[in-house]
Amino acid sequence: MGNLTIGCYPGLVGSMTYDFALKLADAAATKGHKVSIWFSGNATGSVKANQKHLKDYSTGEKYLKALLEKGVEICTCEACTVARGVKKDEGIPGIQWNAMHWYLAKIYSADRVLLIGGE
Amino acid sequence: MGNLTIGCYPGLVGSMTYDFALKLADAAATKGHKVSIWFSGNATGSVKANQKHLKDYSTGEKYLKALLEKGVEICTCEACTVARGVKKDEGIPGIQWNAMHWYLAKIYSADRVLLIGGE
Amino acid sequence: MSDIKLAFVVQRPQYKGETSRLAITHAIAYQTVEILLEDGQTVTPKLCFIGEGVLGLQKGQNAMDLYGITSTESHMKNALLVDLDVLVCKEDLAKYGIPEAAMPSAEEMGADKSIQIVPFTEIQKAVEEAKHVLFF
Amino acid sequence: MSDIKLAFVVQRPQYKGETSRLAITHAIAYQTVEILLEDGQTVTPKLCFIGEGVLGLQKGQNAMDLYGITSTESHMKNALLVDLDVLVCKEDLAKYGIPEAAMPSAEEMGADKSIQIVPFTEIQKAVEEAKHVLFF
Amino acid sequence: MKLGVFVSDFTLTTDTLERFKADKLGIILVQNGVYHATTKENGKASSLLDKTPNLYALSEDIQIRGMKDADVDKRVKVVNYGDVVDLIFNEYDKIAWL
Amino acid sequence: MKLGVFVSDFTLTTDTLERFKADKLGIILVQNGVYHATTKENGKASSLLDKTPNLYALSEDIQIRGMKDADVDKRVKVVNYGDVVDLIFNEYDKIAWL
């Protein structure tokens, strides 16, 4: 089994690139691979807890919690997140908050790296 | 003096299109024009209060408050905002929350309309 | 009694960011704007699709099952149900080989209007006749 | 003792969204990653600019006064100060008429490294030699 | 190198894919990138399909747009998320999202 | 109609500007759009500058990129935010952001 590290930068709502990152992570974890996800840029807004799911908008919370339960490690860039007004105690429990070197450390042991830069 | 309605959809951080919208609104208000701003899409994330201003990221709060004081009307799309996990009591005071028809109503009396769709 | 005409022009493909979808929902909001206006004041958008904006309008979309969101097709039907004029550029459908029969219809839901497949000149006219133009 | 080589390739212009700037700051983070790794484990990114990615790298930027944010120039200097290899595609600078002398330098701040203006083949080589490649 | 590239747009704004050489190149069409597999612009299939015999398109992203697997150019293999995971791990050693 | 258009990118992904006709067209270059005024690709000025004599570029967006007003093509007038407001109200009746 392999080790996949995904960097995801696009925002939660709108582009569905974010949804792609989560679905890919889920498919890889389901096959038994070790998966970690790094959020930076607009994606960091998605770690806020208590997202209201309207049917016209993607939502992340339910899927993020399911991934955490499957053993996927998820970390958000702390600076990017607080710059968007989201504080740590407002975040989804289980998601890590760290600096960019978290991503590089995961890359160190990854077999495959996918950076989805977005935009 | 004229009446300018700006629709702003891009996010607060990163693209600086958001900054453009605010600077244009400020310049128009300074010249005595009546200005209203409608936030939809990613821009709605910017109405959250207590944004931490790091020097690597645009911030909206200070500028939004200054615009409100100059008499600029600002309104965020409620559905877009709650979909991003921001609740009304977490918002910057003075910014209105309403549905998309708010924007159309402002357009009704506008002399000039600028929609910045972004992306 | 006065009406303000608007042209909403969608020039980017559906399912590319949120903006192209917001064009449709913002146009639909013309139906409820009366609560914020005086009697006799109206706003009338025409919703126009050009260029890659015509991509992603086809019927048969499966967005709710696959991504948990409302499809563009469903938004288009709502637009027709509230009597919006929806213009799709004929030349651009042809350019991308999209059959005109693939456009959604809300006829069976009781809509009086259908999507109007028109030459670009009609969209130029809608833009000229509008007081304001909004590009998405 | 093992090092993982990475290639960060910036292909979009600076000041276009946040992604191109995040490439630089993420590369700089290689300097502090040791706190999360075992002794002797290192990660070494090469930061490469191609295509429109070379736009917005010029010196003389005035971002703090005008927009209240750190300039790309300042990030580039930081990258040099932490000894990153920064490769800028020679053909693309020429294509856009940007003089090589317009590239920022951190020499007066004590940096040992300078921006390396290299033919595209060198960037292809960096990508081949890397274990992973990240496009921004 | 064996490079697997995700293409998520129809109109590409960079020529990156043209420039890098790979011993083995795979193109995985996702999101609006699937139009490269389903849509002929002015009757002509996308030139992306000439770049490599290793072409894939994500089924979910075809279906959400109201198209069917049958609309896909014969050179392109329709895959699901699980297939994409296998491609990433088994067929390519570097992965890029352009 | 008198149409004032904001252009905020260097590589444009739509041909909208080519297609609509206006009696008077103004182009206001902002953000990465200012490269149309400052940068010659392969020695050639942007074809956008041939579209109309009414060309403007935002000074702040030139300066943030390390360029100077002197780098701007002579056909383009450098303006500030206040000037843009005046253009919007006095010179054009419809405004677009492409």
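First chain written, first letter: the chains are A, B, C, D, E and F, and each begins at residue 1.
By definition in this document, contacts are C-beta pairs under 8 Å (C-beta built on N, C-alpha and C of every residue); 3 or more make two chains touch, one makes a residue touch a chain.
Here the structure is a predicted model, which is why all the values come from computation and not from measurement.
Contacts with chain A and chain E are shared by C, D.
Counting hops only between chains that touch, chain C reaches chain D in a minimum of 2.
The most distant chain from chain C is D, comparing centres defined as mean Cα coordinates. Interface comparison, B-F versus A-C: the higher number of contacting C-beta pairs is recorded for B-F. For this pair, chain D with chain F, the centres built from the Cα atoms lie 29 Å apart. Mean C-alpha position of chain B lies 33 Å from that of chain D. Listed for chain A are residues 13-16, 41-42, 53, 56-57, 59, 112-113, 115, 117, 119, each touching two or more other chains. Counting partner chains per residue, chain C shows two or more touched chains at residues 12, 15-19, 25, 52, 67, 132-135. Chain contacts: chain F has residues 11, 13, 31, 60, 95-97 touching two or more partner chains.
The list of touching chain pairs reads A-B, A-C, A-D, A-E, B-C, B-D, B-F, C-E, C-F, D-E, D-F, E-F. By the touch criterion given at the top, residues 9, 11-12, 50-52, 120, 124, 127-128, 130-135 of chain C touch chain F in their complex. Within the complex formed with chain D, the residues of chain E that make contact are 1, 3, 13-16, 19-21, 94-98. Taken in their complex, chain C has these residues touching chain E: 13-16, 52, 55-56, 58-63, 66-67, 71, 73, 95-98, 102. Contacts from chain C toward chain B in the complex involve residues 4, 6, 12, 16-19, 22-23, 25-26, 28-30, 32-33, 35-37, 41, 43, 45, 132-136. The touching residues of chain A, counted against chain C in their complex, run 13-16, 19, 53, 55-59.
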